[in-house]
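Each of the two complexes below includes subunit A, the first together with subunit B, the second together with subunit C.
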Partner chain A sequence: MELMPDFDLHRPTDVEEAVRLRAETEGALYVAGGTDMIVNVRRGIEQPAALIDLSSVKELQEIVEDDDGLHIGAAVTLEILAGDTRVQESFTAVAEAATAVAGPTHQSYGTVGGNLCLDTRCLFYNQSEWWRKSNDYCMKERGDICHVAPGGKRCFAAFSGDVAPAALVHKAEVDLVSATGRRRVSLADIYRNDGMNHLAIEPGELLAVLHLPKAESGQPSTYEKARVRGSIDFPLAGAAVWLNQSGDKIEELRIALTAVNPYPHLVKNLDKFSGVKLDDNVLNEIAEMVQSQAKPMRTTTVKPWYRRRVVGAIARRLTAKLSQAS
Partner chain B sequence: MNENMPIDPEKVEPVKSIGVPMPLVDGPEKVSGKANYTADFVEKDALVGRILRSPVSHAEILSIEIAAAEALPGVVAVVTGEDFVGQFGVLPIARTEWPIARDRVRYRGEPIAAVAAVEVETAQKALDLIEFEYEELPAYFTAEDAMAEGVTPLHEKRPNNVERHVEYDLGEVDKGFEDAALIREGTYDCAEVCQVQTEPHAAIAAYDGERDQITVHASTQVPYYVHLMLEQTLGMPRSKIRVIKPHIGGGFGSRTECLHVELVAGALARKCKGTVRITLSREETFITHRGRPEQKTTLKMGMSKDGRITAVDTTTTQRGGAYAGYGTVTILYSGSMVFALYDIRNARYNGYRVLTNTPPCGAFRGHGTVNVRFAFESLMDDMATELGLDPFEVRRKNLLEAPTFTANDLMVNSYGLPECLDIVEKASDWKKRKGKMEPFRGLGIACSHYVSGASKPVNWTGEPHATVNIKLDFDGSLTILTGAPEIGQGSSTILTQCVAEVLGLDVTRIRIVTSDSLVTPKDNGAYSSRVTYMVGNAAIDAATNLKTILTEAAARKMDVQPEDVECLGEVYRAGSQDQGMTFEEVVYAALEGTGTITARGNFDTIPESWGGDKYRGAAIGGSMAFSYAAQVVEIAIDPDTADIHVEKVWVAHDCGKALNPLSVEGQIEGSVWMGMGQAMTEETRYHNGLGITGNMLDYRVPTIIESPPIETHIVESNDPHGPFGAKEAGEASLAGFLPALTNAIADALDIRVSELPTTPDRLMEIMEDKKRESRKSEKEKAGA
Partner chain C sequence: MKNFVSMTLNGRARDDAIPGNMLLIDFLREIVGYTGTKIGCDGGECGCCTVLIDGKPRHACLTLAAVCDGAEVETIESLETEGRLSAIQRGFHEKLGAQCGFCTPGMVMAAEGLLRENPDPNEDEIRKGMAANICRCTGYVKIIEAVQAAAQEIASKEDAA
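Let's look at the complex of A and B:
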């Protein structure tokens, strides 16, 4: 266990106060469950001068249901999300993803917002200060080089959240709040393909609400991740699948991936399968398409080719499962 | 028993403790969180110690500039290698390690300085102010690289970086191969693994400047060796040193030798004439290491048509890390323990322990035996398959007949392996199911064994192997005083049960004080599964001596001959009609004239068990008793992900006699489970010598989800020299899991996995290779 830096702790009670504090306080960071961020703080990756604790902001703790769908506060814990019957029934992949995060203790602290905004991960980055210094740091933090792809100019640290791909296949949106106002954007739009800077969120903006639209809730969805151990582990590769079928033909298929790119990737070109009969050959084609869009790098101890391979296998298996279920 | 109740001697009988499943005597403190571990002893004036570690793998130290750190307000002391007068190391022949590096650093993370300060922030700031100047040297991260021509030696005395080459050639190996119907050879690779015990290392040292005395609390399995190394490295007389081992959160060999942390804490405390507490992080605990080495084994075996092993030729190489540690013993064990499981007459061995620029390896549970056993049981299975023999039958063809001496002179007195085999064969329904499993499912079997303490101690002093004292006073309570370190393995419970059984008393009348050099008799420590066997025997001896004293006192009071006195535990009487004396009355009688009684018991190994002198180092492996285990592993493999799911494990362990069946069961389960970790998921990896898996996310110890149902069976072969017939119970069941798993994979997929751990990416790679091969051969067939 390494040292915590000296920091001021703020505990706002509403969103407006939270974003105001964040704007006014130099070097401040939001903290909700802290299951990932505090580890990074102890490792010296983050050295916040102040933490803005969101656990007392009521708006962020609520799940609201209306005609548009479910509106989930960013500080709702993964445990509550996973246990919500409305989520389980209408957005199954989301509930399954929440259950797949780390272990039960993490789920009881970790939050929806935290998992969506999870920092990208890499073996050469998620290490102690002594370790990173002994290894000349890396371009994601204090250094110039990439140990994963030496000579490269890009950072390949992998996005490793479980909830994001599940929410993406349900066309989720999020509310971003800052001192200057609130905007609602598609979840897919808050990510970009850059391991160093994967969140397209303005500095100080707070992800306040996850919207799961009702229009997308009628179809079955599911999520699975590959990992070495059945608990604790971040995904080596993960896929969420959403399927709308009429008879034995695909109406619409959506697949989103995690842990194989610096951002959660909504698989492209799946519309080519619309109207196609779902058989073994098509399943193989789907797997191949998924694999071709997954770009895992040497960011974990498990080989990249395996992660690519297995993400295709999982997508294939889940698609077949949903098809049989409907 | 309530002391105020009148005793009816008709109803009194000695209380049984041996063979009774009972919870551990130190359980209540542990489950309620009251137990104090080393890091819990926070004294008010304790300073915080922190260690600066080398950022490079191999370098000459040019200078370590500490003046700025010393000048920082709040810093009380800074120490470097110059603050020590001697090197340390567990083997008297290989004390090559400085508590803090001097002249040279040999692995990334080796201590180069340490600081004591009033609080942790200041200590860290001080470390940042220390300037380390060095000149890098070539570094070697594999055994192969370290042994190559023209290398820079890590240690002057080892020009080719081979710490130790062990060889033997026993029986007629060449003739054995000539006689064989089938000869096969295979190469097997095991990754380096770490113990990852619950409690990271910690030490607190308190120096008394008035008296020049030091007291060290240490999270160690070997307080006596810590005591010796404090003497040796600090240059203090041993009479001025006190070592205390508090509760320990597991060891598994990680603390079977003195570590830097105790010695650095000692040096800091002395320099600042105060108390210094050092708690290592998990990463530092990984760096301290002393785990099982990366090891490559090439094994050649000859077998007759009916499965009899005719000859074995083993070559094995261990990447030992930067210092000797226990390494010589590890490479000797790998050779000596080729024997004593099966009847092998002809065997050749070449073992190489190699020095590399990685953290030093040590004595991990199953010390030295595990990786070679993996090779042996794998090849044996493949050859059985090739000869069309059942894996059980091949093993039965090669059984020993006890009592016997093996070809390398190991003394085997009790041998429950045949029964272990019978039990797991039946329990797993092997005969009906083997070879008839559904696709992607398989069954595998393997055997393993271990010593019950090394008959020759590391430090030969002429003292008995074990000494136990029992104190009995006016209050009628018994206190066992033992140096044997309770490290979570249950030794305090076993010693209590041994004493209780001899005296026929309930265990609640007995308390136990362990591992405080001020109070308890010296003990060599908790390693090589010596405690139950050796200290258990000493406890029985002490209790027997106490019983003699009590019986004689009772005889005097009752005016009868001692042989006429019957001990019923709470009552001593002369004949069944006698009202008798209560235990308290006997105690008073015994104290008359002498006062407080201390009864002593000893244990010594017999020379026949010392292992002989058939080759240099043959004493390693010599033991008074060997334990045996057989296990069947059933698996299911996910064809999409190559995930292996262990469906069930059936394991039978011959522990001689289960002194506490509950505790034995726990030890067997723990061994199987730890073997599973090494076999499936665990691996320390390095990036240019920098440990890249030094945390519990990237070093993947299995979780409870991976834990399979383990059906344990206890076999009791009643060892003639063991305490109540007992042998070791905590190690032998580990090694068998590895080959039982890969044998199950062979059954499921017709694939031989010879590289561990079998992570899904490794297995999928092999599955893919096989698919490609079979497609290729189909094409060739079609083409032909």
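Let's look at the complex of A and C:
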């Protein structure tokens, strides 16, 4: 058991106060549900001087519907997101992804924003202080080398959120708020291919709202992940699929992956299947394309080759399922 | 820095000055002296530390005590009435849902949260509702029977009333 390090706790009641506190407090971090953050603080892989708890900020807990679509506050819990009939019907993959996060207890207080901003994970990083110390730490935290790819200069810790790939196939956007203003960007743009620094969010910026655009709501979508324990676990590999078909031909296919790259990866070059009739051969080609873009490394106890194969199999199965359903 | 916190703990209002970095589990066990809630994995993986906050199951080892300001916190100590076990506790006792007993307080509180929301769960709903709690002894079959027995007992009491 590790003792909690010393830090102050602030409990702002609106977004303005939250971002101001964050700007004024050196070394502060935001915390919402804390299902992952508190574990990381306890293990010493996060060492905040202060935590800014967002659980009292009411405006972050609202789901607003208008002509543009659904606007989901970052502190909406995964349980509420998964249970919202509008999300279930129009953005099915997002609801399915929320139910796939950890276990039901985590979902009842873990949040949308927390899952989107989840830190990348690695076998050599998500460990206790004494474990990492006895292994000379790693380049993501205090150390110099990468134990996954020794000799390399990059960190391959895997993005392991479930909601992000599902939101990506629906072309979601997010609001980022800082002390100096608010900007709206595409969700895909807040991630980059760097396990050490995977969030392209400025220090102090708060992800406040997830926008699910109505224009993307008409087509079926679905999400599935492979994990060691079916009841509660981070993904070993996961895929969200969105399909627009006319007759038996693909109009547009979107697939996003999680846990196989340092960021949630929107699969490229799927437009080559537009206008193509979906049969077994095409499904195999889709699986191959997915596998070729998944780059799992030795960041979990399960071998990378298995995760690459399984992510292709999931994408194939989900595409077939959506095509039969529509 | 200390945070001033007013919470209702097991039905009784209390005010405390709590360091911002204190976890609810440490507050319950070390400050209040309620040692029924157990520390298992320290990381939200086992569910031993499950308590109810505003009626919903939550990990006391991943919750900062100061965040419970204004909240209603319920622990395993709240369940007995006048020395008698609650229906869920009796279910675990009579159906042998506990062996070593370490996961039991968390299991019972998870079941309490489940049955308040869904008083008549089928087996699948019980498995899903309790999925965040690990037991290394029973193999879960007896735990599911315990929750089923408790649900029946609660329902039959309500019918009689």
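Note that in this section the second predicted complex is superposed on the first by the 325 of 326 C-alpha atoms of A that agree within 3 Å, B and C clash if a C-alpha of one lies under 4 Å from a C-alpha of the other, contacts with A are read in each partner's own complex, and residues count from 1 in each chain.
Convention: a residue touches a chain if its C-beta (ideal position, glycine included) is under 8 Å from a C-beta of that chain, and two chains touch if they have at least 3 such contacts.
Because the structure is a prediction, the values reported are computed rather than measured.
Of the two partner chains, subunit B and subunit C are each touched by A:103. Of the two partner chains, neither subunit B nor subunit C is touched by A:283.
Shared-chain residue A:145: touches no atom of subunit B or subunit C.
In the superposition on chain A, A:232 contacts both subunit B and subunit C.
Applying the stated contact rule after C-alpha superposition, one finds that A:9 touches subunit C and leaves subunit B untouched. Within the superposed three-chain arrangement, the count of touched residues of subunit A is higher for B, of the candidates subunit B and subunit C. In the superposition on chain A, A:130 makes contact with subunit B only, not with subunit C.
Touching of subunit A by both subunit B and subunit C, each in its own complex, is seen for residues 1-2, 103, 231-232.
The residues of subunit A lying in touch with subunit C in their complex are 1-2, 4-11, 34-35, 38-39, 42, 50-51, 53, 55, 102-106, 108-109, 231-232. Of all residues in subunit C, those touching subunit A in their complex are 1, 3, 20-23, 26, 39, 42-45, 47, 50, 53, 56-59, 62-64, 66-67, 69, 110, 127-129, 131-133. The touching residues of subunit B, when paired with subunit A in their complex, are 53, 55-56, 108, 120-121, 124, 281-283, 640-643, 681, 683, 685, 687-688, 690-698, 700, 702-706, 759-761, 764-765.
Of all residues in subunit A, those touching subunit B in their complex are 1-3, 103, 123-124, 126-128, 130-131, 133-135, 147, 226, 228-234, 300-303, 305-307, 309-310, 313-314, 316-317.
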